[in-house]
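Labels run A, B and C following the written order; every chain starts at residue 1.
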Amino acid sequence: MQTFDLESQGLRALNEALHAQAENTNQTVWEVVNARGSHAIAVGLDAPIEVNVMGSTGYYCAGMNSQATIKVHGSAGPGVAENMMSGTVIIEGDASQYAGATGHGGLLVIKGNASSRCGISMKGIDIVVHGNIGHMSAFMAQSGNLVVCGDAGDALGDSLYEARLFVRGSVKSLGADCIEKEMRPEHVEILRDLLERAGADAKPEEFKRYGSARQLYNFDVDNAAAY
Amino acid sequence: MCGIVGLFIKDKSLEPQLGALLTDMLVTMTDRGPDSAGIAIYGSESASAAKLTVQSDNPDADFATLGDDLSKAIETPVTVTVKDTHAVLAMSADKIAEARQALPELRSDVKFMSTGETMEIYKEVGLPKDVAARFNLSQMSGSHGIGHTRMATESAVTTLGAHPFSTGLDQCLVHNGSLSNHNSLRRKLRREGIHIETQNDTEVGAAYLTWKMQTGSTLGEALESSLDDLDGFFTFVVGTKDGFGVVRDPIACKPAVMAETDQYVAFGSEYRALVNLPGIDTARVWEPEPATVYFWNH
Amino acid sequence: MKDQTAPATPRTEPIQSATFSNPINAEIRRAAATGIYDIRGGGAKRRVPHFDDLLFLGASISRYPLEGYREKCDTRVTLGTRFAKNPIELDIPVTIAGMSFGALSGPAKEALGRGASAAGTSTTTGDGGMTPEERGHSSKLVYQYLPSRYGMNPVDLRKADAIEIVVGQGAKPGGGGMLLGQKISDRVAAMRNLPKGIDQRSACRHPDWTGPDDLEIKILEIREITGWKVPIYIKIGGTRPYYDTTLAVKAGADVVVLDGMQGGTAATQDVFIEHVGLPTLACIRPAVQALQDMGMHREVQLVVSGGIRTGADVAKAIALGADAVAIGTAALVALGDNDPKWEDEYQKLGTTTGAYDDWHEGRDPAGITTQDPDLMARFDPIEGGRRLKNYLKVLTLEAQTIARACGHNHLHNLEPEDLCALTMEAAAMAKVPLAGTDWYPGKSGF
């Protein structure tokens, strides 16, 4: 295992070292100490390595991740795993706003709560939140799955495209064009798999599914108020 | 656009460290606001005395005999404590209004920072660490304090444009965001007789709260109505003699992190600002909800 | 009984209202019938004070001109010298502005790459990601980072020669976009991860940051991902250029791209295009002032766009303080957009050559702003690239001609004092004297 002291060695050196890891690296496990809320930790990785960040992070930890498994042993600041392509990001604590924003793939697990705009404009990423999520989550979400074991805040799924939203608890309010939908067997299967991979102690049958009513897909004068 | 820090101490044994903790928090937020910095500190209450904090660009000349001159003008004892460009003028509380009237005639260049029984505001142009050093912030003790680092958006980088803004006796406001209706509101508030010095959007926010409270609202009510009357993006932190409050606009894009332990409640624009607080690893850390007024009182 | 021989009573001529003109009334009827604002492509069509209202003062006795073609007049410019390890070196100070694959066809993007590369300059992606055609044919490619993040991925990010974080554009500062369903083809839909055939709504704010303090951190992230190698541009629409330029620089920009209201768009509300933003002419001086006030003029480069058409426009923008310009609409015209040879087809679409702006509908007879395979086939990317290269050469030669006439051996030595203004408006906006005087509005001492 490689240990990297962010405070003494610096952010540039950390990301440089992590970017230098090729697919066939044998330095597969890294530990980053003294994270202390720093920004842009372990961004743009593209190798099947494991990075353990000890402590809480600032903005954009694991941004644009590909292949790597990044665990934050603390809470994550805004935009964690933004635009992730593949790999796994696990947050032991809470996540701030924009968690998993615009993510294209991979799995983001938040063991605590996520703040506002979780999964905003998500484009294929899977996000599992063990706790609650804040307002405007999944705004303009395009595809992928957002699973919330707790409650959702206001305006869930506003202007939603084809992303699937699963919420176990209450939803404070649904956003424009977001409706509750039938949970079909294929959805139960997707959910069961995600819950298992995310280590979430919940049963698929306890969730409700939300999706796009597709009323905003093509302009209709009778929906003008929703624009 | 800016960084905000705030620390409200619950455990009195931590009070002597307030300045040191806040200074560290403030300096951490330098990237968010390198133009100017300021701090409102709620220190000790001296018997029956109130404090007027003032600033001068020529402190040597302006402050040398200010105590004597003011004392004569308003016929009451005034003690002066000079800290770099600022001076704290202590006097009996009922003389504060008279002093504010007399001062511009005695020293035309002197600017008001704050009035309060416990609150003093220090703010200047420059990097947060330099501003903190000038006023020796790290040595200050107190029950709570609010700090701000500023990245000016549309108004000038000046001392008066720096935060915190005083909103009344022992009350202050800092802001992260950008208000979009401050010009109209400034005109309205000026018609209502509220004094507004700068083109700064935050000063209008502060003046708005002052006006609401002058017309009968409590601070909590004033903050609630700010959600309707102020347009744009804002995270506000306000200080009062007894505590501090937080409110974010309904969209709530500007960041805000809070932490609470048995010893304190802390606010930071980023988690980074909180990392050196004692017991932060086990603190309850969360983000304030949009359009919700929070308050912590002693 | 009426006397038939009496002269007729004089009648009032029918008078058209200047306020309720026929075009206005037609728009009212259109709105009443459809319930939606008009959406179109292109930039502002109304007349606004522009570079045409400025003239150069050539050299004669007090200054000496350079010999055309023989005495050197350099045109090279380097963008992104502030923080990037690999700044962009261009042979000419005219770049191609961001235009999306989706709004434009693949062959049109290819032609832009071919033409720009042949002329020694850069081209720019747009909303929708980077295509292989574009990357393959562009020697210098700027990758736009937009609120929608359509097609955004780190592989393409690392292939880019520069990254342009788009905060706004001149046609619609403060607004998002709208690509109507007709153009969301299978390929566009796949690149953007959207259902085929829907109206695509683009956000106006970035999904994961708001304001300059957050932007600074976003720039840090992108620099860390790209190893601090390539320049980071910030593109803003012309609204409050002094403050926005200041804040872009404070947030860490290497280059500021400033787009005035004549700048085009693939599609947005007509009311936005015509009624929001500052004319390009009015944007430059405040932005340059901001850079000068920070000691950053020429350290952080300024690229100006929005209605650049001629070498005179290029020279005037540079004289007012820009380091380079970007062209969008002009490049499309060079490729063949709105060409009179398609007049019959424009007529069938209810429009005419020069007025065709329904770029979002995907029925472009010239095969440029479309995803229709038959229409696209009309456009030859090699020929288009050649035409663009020629046009870029002419812009450069024209700008050089003017610079030499003003006595300059490099375009960058053009200065505001080389200019005068024909109108009070232009004098005020460009802060150059009204022709024949030493005064402009706002300057004391008249």
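Keep in mind that, in the parts below, a residue touches a chain if its C-beta (ideal position, glycine included) is under 8 Å from a C-beta of that chain, and two chains touch if they have at least 3 such contacts.
Because the structure is a prediction, the values reported are computed rather than measured.
Set against the C-alpha centre of subunit B, every other chain centre is closer than that of C.
Counting C-beta pairs in contact across A-C and across A-B gives the higher total for A-C.
With centres taken as mean Cα positions, subunit C sits 44 Å from subunit B.
Our note on geometry: subunit A versus subunit B, Cα centroid distance of 37 Å, whole angstroms. Shown for subunit B are the residues that touch two or more other chains, namely 253, 255.
Annotation for subunit C: residues 214, 217 touch two or more other chains. Shown for subunit A are the residues that touch two or more other chains, namely 39, 58-59, 78, 97. Subunit A meets subunit C in the complex at residues 11-12, 15-16, 19, 39-40, 43-44, 46, 58-60, 63-64, 66, 78-79, 82-83, 85, 97-98, 101-102, 104, 117, 120-121, 123-124, 139-140, 142-143, 159, 161-162, 216-219, 221, 224.
Every residue of subunit B that touches subunit A in the complex is listed here, in rising order: 252-253, 255, 257, 270-275, 281, 285-287, 289-290.
Taken in their complex, subunit A has these residues touching subunit B: 36-39, 55-59, 75, 77-78, 93-94, 96-97, 113, 115-116, 134-135, 153. Contact residues of subunit B toward subunit C in the complex are 1-3, 31-34, 151, 153-154, 176-178, 233, 253-255, 269. Interface residues of subunit C facing subunit B in the complex, by the touch rule stated above, are 205, 210-214, 216-217, 240, 243, 247, 250.
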